[in-house]
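Per-chain residue numbering starts at 1, and chain names A, B, C and D are given in the order in which the chains are listed.
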Amino acid sequence: MGIASATFDGLWNHYEMWSAIVGAFTFLWLAHHSLVYRSKDGDDDWEDIDGIKVGVFPKHNDDLKLELAWTIVPFILIVWLTYYSWGPINEVWADPDDPDSKYGLECGTDGHDPNKCYHTISIIGQQWFWIFDCGNLDAEICDSSEYQDLNGTMVPVLKLKQGEYYLANLTSEDVTHAPWFVKFGVKEDTVPGLETAMWIAPTCETSNCGGDQGESSLILCTEYCGDNHAYMSAIVTVVN
Amino acid sequence: MNFYGLMILTAIEVGAVGVDLSAFAESIGATEKQLTFGILWGIGIPKFIMIAAIFMHLYGDADSKILTMTALFPAFFIIVMIFFIGLTSPGAPTDLPAWCRPPSWL
Amino acid sequence: MMNKRSLIQTFAIFVIIGLALNLAPEADSLPSGIAGQSEKGCICHGAIPDSGVTPSITGLPSTFNASTTYTLTVSFTGGPSGTDAAPFNLGGFNLAVSSGTLAAVDERVKIENGEAVHNGIDDDEDNNGIHDSVEAGGEPITSGNDFTSWTVNWTSPESGSTTFNLAVNSVNGDGAASADDKWNTMSVSVSGPSSGIVAEPLEPADPFVVLATLIIVSGVLLGAVLLYTFYRANPDGFNWESFAPWITGWLTTTDHKKVGTLYFLAGFFFLGIGGIMAMIIRVQLAVPGNDFLTQDQYNQFFTMHGTVMIFLAAMPLINGFANWLIPLQIGAADLALPRINAMSFWLQPVGALLIFTGIFSGAAADTGWTGYAPYIVSETAHTGTTMWVAGQIMLVASSTLTGINFLTTICAMRAPTMGWMQMPLFTWSIFVANLMLFISIPAWGVGLIQVYLDRTIGTAFYYVASGGDPLLWSHLFWYFGHPEVYVVIVPAFGIISEVIATSARRSVFGYRSMVYAMAGIGIVAFIVYGHHMFTSGMSPTLRFVTMLTTMLVAVPTGIKIFNWLKTMHKGSLIYRTHTLWALGFLVTFTLGGISGMFFPSLAMDTHLHETYFVVAHFHYVFVGGTVFGMFSGIYYWFPKMSGKMMDEKWGLLHFLTAFISFNGIFWPMHKLGVMGMARRHHTWFVSVDEYTNIPAEMADWNLFISVSAFLFFFSNFILIGNMIKTIISGKKAPADPWGGWSFEWMCTSPPPTPSFDPHNLPVLHDANEYHESEPGGFTKWFAGLMVPEDDSEVSH
Amino acid sequence: MSGDHGHEHHIEPWGPHDWSHGAPHNSFAPLVMSIGFGVFLYAFANIFVMGGLENISSMAGVMLGFIIITIGLIIWWRQDMSFDGVYEPQGVGAPFRNIDLRKVAMWIFLMSEMMVFTSLFSTYIRYRLGIPNCEDVFLSGEWVEGTTVNCFEPAAHLIASSWFHLAPGAVNTFALIVSSFTIVLALKTAKMSNKKYAKKYDIETANVDAHRSRKVGIYLGSTLFLATLFLTLKLIEWFVGFPTPGPLTDLNHGHSEIKSLFAEGYTIHANAYTNYHYDTSYHGGHDIPTDSALYAMLESGAHPGGMMMADIRVSASTFYVTTGTHGVHVFAGMVGLSYMTFKALRGGYGPSNAVSIEYFGLYWHFVDLVWVLVFPFFYLY
């Protein structure tokens, strides 16, 4: 089962592969040098290459070709990684009124493509609880009326539909908060006095999202907001 | 000499704001605000240079050149701060401009 | 040998110390600060409990006897209850008992899953302020929430003690939940007959009392160690008369070596305090749903842990190394401005006192070390935050003065024969670090002053209602914040370059590319700070630009790591403790650098931001990088500073325990972060059947982390013990124990005062023969800039 | 020159130093001044809390803080008083070869000061571009009498509205320029060789020193006076206001005095700021430009007119804190000037020891340089 959304898993595996390669290369080199180049017995007969003496700036020990190599090769890797992670930006921050983005146009606006459109909901953060507002979407698409007990506090439950796309407009009443949909791997700050936005593409592990009661996962607050920052969580349930 | 120059420039500056320039502004097709803005910059920069160069010995002494380099060293960091903090305003990530977005085939 | 008068005085000191030691546990802070009220009262009416409402329970015996029924009256006064004329909707209550059973006496109260609640429904559906029953023409039916006091029966259990948790609401009666409805909670516990050997339930140790006790104990220990070293310095001088001049000598010193030692003392003391806070945080996070710390206390602990570790432990330690070594390495008598050097030291402990004032009142800063607006200026932030901000303003002043001092010294006071490209790499690292610090810290200073004025005279920089922009603080803070984290790591680079080169007995590989790499880091540090704000509502263009620039940061750091590795090529490595720590640094810092590369890619950062993955990354780089670099530097230069060799066996023990327990703490945090453990949460929950949070097996990872955290904490006392043992009875150290080449190894250890006689400064020879080639265009241009070689200073 | 390598010199943490040898000197000044800053910051935070006056009694703490800082300064100066310019180390090697260390240190300090004022200017630019301008909001008509509007009201809108309002600011600018000039004169007089000095003022070379000390003292004293004038005029402009009696009254179109910014209501707490500029009925409304939307709405009756209430706390905060920080730097300069004037009158500055006037001059010209940028940005535009 993936960590978060498919995009995240793809990026994560790719970065993990490269980290393994770079890590192995560096640690093998380190291990080799620190074992092979040990001073053998005591330290009197070592072959003093650079002749280091007190008060004398030591002989330069550089090799331009090598240094250029390990400047350019990491740079190329970095350029490749930037290029590789440039693509998903269009998914995480798609443009709401660009018809051929992943999420298309808003469902119901003229000219929207029916099987590629998104619904707009709004999420308001307040000092220490979330308010989900489905607007006039019908309950089957988005419903935020239920509450459920979560470790001692009553928290709202946001019911979304698998396969639908949602654009959440975020704002806050008092201080900064940030809804983090742990399973979908997205978060964005709710800043008071500013309207930010976040794309949510709910998915389930099992194809029918665990029967009718749906698969639930957590929404945590990930921008420090004071006393009950840890209790300011909510539940998102994805139904089929 | 430098002193009198500064006094005159300041007098012009204050005068430019005090006097009602709207008529003159219309004639060159700008609002009075833009005209005052232009005048203030036009006078502010020479005053800045006169004080720095003459009063602060950044011109004409043996150590002037190297000290001018020291004075100008933070220029890069000032520009970075003015652009990053001064001239940006908060916004939602969805209105990322087109030139930042990846090409469609990616 | 001690005359009678000083005998009495010494005896008096020991009495005071004894008193302090056993007074410590009672070092209570103001009761108001750590109110016992449970913070999970009903949060439907307004956000915070309001002290205007005073709930009360009467009818409780002092000690109840087994299973008897008591009639309690639950009531409250105050709050807006019933300001409207119509006598209905005054308020409600919720009473929960930890043992025994509740029963309703009249229809005003009902029992819901064991808790007594007012039996009242909203009687005003169209909330026009008139009772529905009256509207329907009938008599107004009074219901549970039309009163401010209720009666309940409680039958007591056989034994043990019972806690009564009462939450009351006082509403203004308009029938709608509005912000001016107030609520408050209280809890009282009554003990019954003790049944046999019922263990009196341990009052949970109050974390602030634990912290205050440990601070006082470590303060007393530090004092005792200082007194003992003063005694060992010259045993027969150990009397009151010679103590005064000795302490004045330290309080008024401007000698860079003594100020350096003061910095080390302050740095290690606060490293200990920060460590204690970390341990308390780990106790809280060891098991899911723990309540050793309430969220409010947890917020204060992680804020103070961050502030203390970065500004009061890491920076002073770096300044300690810099103060000790820069004049010695460039061959100068002292720093350029000695008195300002002393001033920049003394600003730090006084600033620390200000930062800690919040702790003693129990309302310390709870804003995170980043202190984001608008929380930092909101009412809900603690009163201690203003003092925390004031203390940090003093740290800004101290860092600016340090910056002036070191930049002037390195630029203008090098020994005549030492050019820029002959300076040891540690001096280069301090130069680059101070340049970055010096250019970036005013931005933070201005931000802090804005917050200080917002919280005192009420300017509106971050007051959202008047158009204040919370992101301005994030910008100003991180414009300083990111160069600050490089300021903390670059000196460690310098130390590692010196230690690895000398241990491998080779000159460092690619000296010039090392210098350009550090300069590169210095420049790039200023254009990447946006990656801290990828999800913060910053302008999206800037987020994209800083994504690109942040990718660049890996290149110079990569160059340096490869240069260190190449330095060891064909060397002949002597394994001393400082070598072990340098190799340890290479391992942990590389891991930290690699885990850091996951953040610039935006799609991943939206998942990883503010999770334990970030915590793991920056601890790998802060502790694995800076602190391990410092340890390596201490073992390397301690003989030079104290004149005595450290014990290698203790050093090896310290390395093995600390290195292994360090990885035990922070490696699992990567997994925890990715799986869903958020940062700055005072507790976490394992997944239950209806919803998935952190998988169950994560629970024991957290416990594993907490255990290795305690191992790491105590392993560092081996170093402290080693240092004290060395000062007292270490073997005499030669001038150049490890075969280093730079100037500090030329003078005796410990070095004389002033370090070099300004008349005959050391002369640096250069092993590289320079063929006197025609100076290039740049050198000619630059020579033209400078004051000509021969004539005396012109401005006389 | 100096350097007493080896022999144990006396530690004099209080008294004047024997500057003939180099470091280290001991001094109580750093410790005392740090405690002073700590007490000051602690006490100031207790007077006002969250905008309200909490307890005035802790003003005593602020005074105590100042006293401790002054004691620290006095110790610092007592040790500096005996300095006769013998021990003036110079830079070695690139880049600051043969330049006095204290001059290099002053320039590096000014680099940091530049960053302080850049941060303040960035805040100002961000808010001025981020929040809509009050006048534009007023002329756009999108406001209703009675509700407050969030907008940015530059102080210049009030200050540059009439010559009299502008007078304190303008006189301040002239005062700063003159004070820069007097510092240059003080330096020139101090550096002039005895021979030239005697010839210039045709007095015997014997009493040149006394005459020079008095003249340098006068120049430094006048700079101190001008700095005090600057701060007093600023406080008048902020809090006091000034009368325009007699013939000036009609010049001031009938008002007998110019109200201070505080009296005009332009304060950091002004969340309901009203001003005659934003009153549609002022002057029968013919001040409103005819091409503005508001004029059209008033004509067509779509807008009831009346007085616009504005929440200008952010713009007031940026104005007061930026000009206030500049004021604090002028005050710091005054503290330095008072010491230098005292030392000058006691004959401390002669051709061999004139450089400290030059280094203070660098700081003072920098403060004037900042005012060259602050004045147009905050007062005129």
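Basically, a contact is a pair of C-beta atoms (placed from the backbone, for glycine too) under 8 Å apart; a residue touches a chain by one contact, two chains touch by 3 or more.
Bear in mind the structure is a predicted one, so any value in this text is a computation, not a measurement.
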| item | value |
| --- | --- |
| Chain whose average C-alpha position is farthest from subunit A's own | D |
| Chain pair showing more contacts of the two, B-C and C-D | C-D |
| Centre-to-centre distance between subunit C and subunit B (centres being mean Cα positions), rounded to whole Å | 40 |
| Centroid distance [mean C-alpha coordinates] between subunit D and subunit C, Å | 35 |
| Interchain centroid distance [CA atoms averaged], subunit A/subunit D, Å | 47 |
| CA centroid of subunit B to CA centroid of subunit D, Å | 21 |
| Subunit A residues counted as touching two or more neighbouring chains | 89, 92-93, 188, 191, 194, 196 |
| Subunit B, residues touching no fewer than two other chains | 57, 62-63, 66, 69, 74, 77, 81, 85, 88-96, 100 |
| Subunit D residues counted as touching two or more neighbouring chains | 95-96, 98-99, 103-104, 108, 111, 115, 118-119, 122-123, 126, 130, 358 |
| Chain contact topology (line, ring, star, complete or other) | other |
| Chains touching one another, given as label pairs in label order | A-B, A-C, B-C, B-D, C-D |
| Footprint of subunit C on subunit A - complex, ascending | 3-5, 7-8, 11-12, 15, 19, 22-23, 26-27, 29-30, 33-34, 37-40, 43, 46-63, 66-67, 70-71, 74-75, 78-79, 81-82, 84-85, 88-89, 91-93, 126-129, 148, 150-153, 174-176, 178, 180, 182-183, 185-189, 191-194, 196, 215-218, 220-231, 235 |
| In the complex, subunit B residues that touch subunit D | 3, 6-7, 10, 13-14, 16-18, 33, 36-37, 40-41, 43-44, 47-48, 51-52, 55-57, 62-63, 66-67, 69-71, 73-74, 77-78, 81-82, 85-89 |
| In the complex with subunit A, residue positions of subunit C that touch it | 39-40, 43, 47-48, 289, 295-296, 298-299, 366-368, 372, 374-375, 378, 380-381, 422, 464-465, 467-471, 501-502, 504-513, 535-537, 540, 544, 547-548, 551-552, 554-555, 558-559, 561-563, 565-575, 583, 586-587, 590-591, 594-595, 597-598, 600-604, 606-607, 609-611, 674-676, 678-685, 690-693, 735-736, 739-741, 743, 745-746, 762-768 |
| Subunit C residues touching subunit D - in the complex, by the definition given at the top | 245, 248-249, 251-255, 333-340, 342-343, 345-347, 349-351, 353-354, 357, 379, 383, 386-387, 390-391, 393-394, 397, 400, 403-405, 407-408, 411-416, 418-420, 438-443, 445-447, 449-450, 452-453, 455-461, 463, 465-469, 472, 475-476, 752-754, 757-759, 782, 785-789, 791-796 |
| Residues of subunit B that touch subunit C when the two form their complex | 57, 61-63, 65-66, 69, 74, 76-77, 80-81, 84-85, 88-97, 100 |
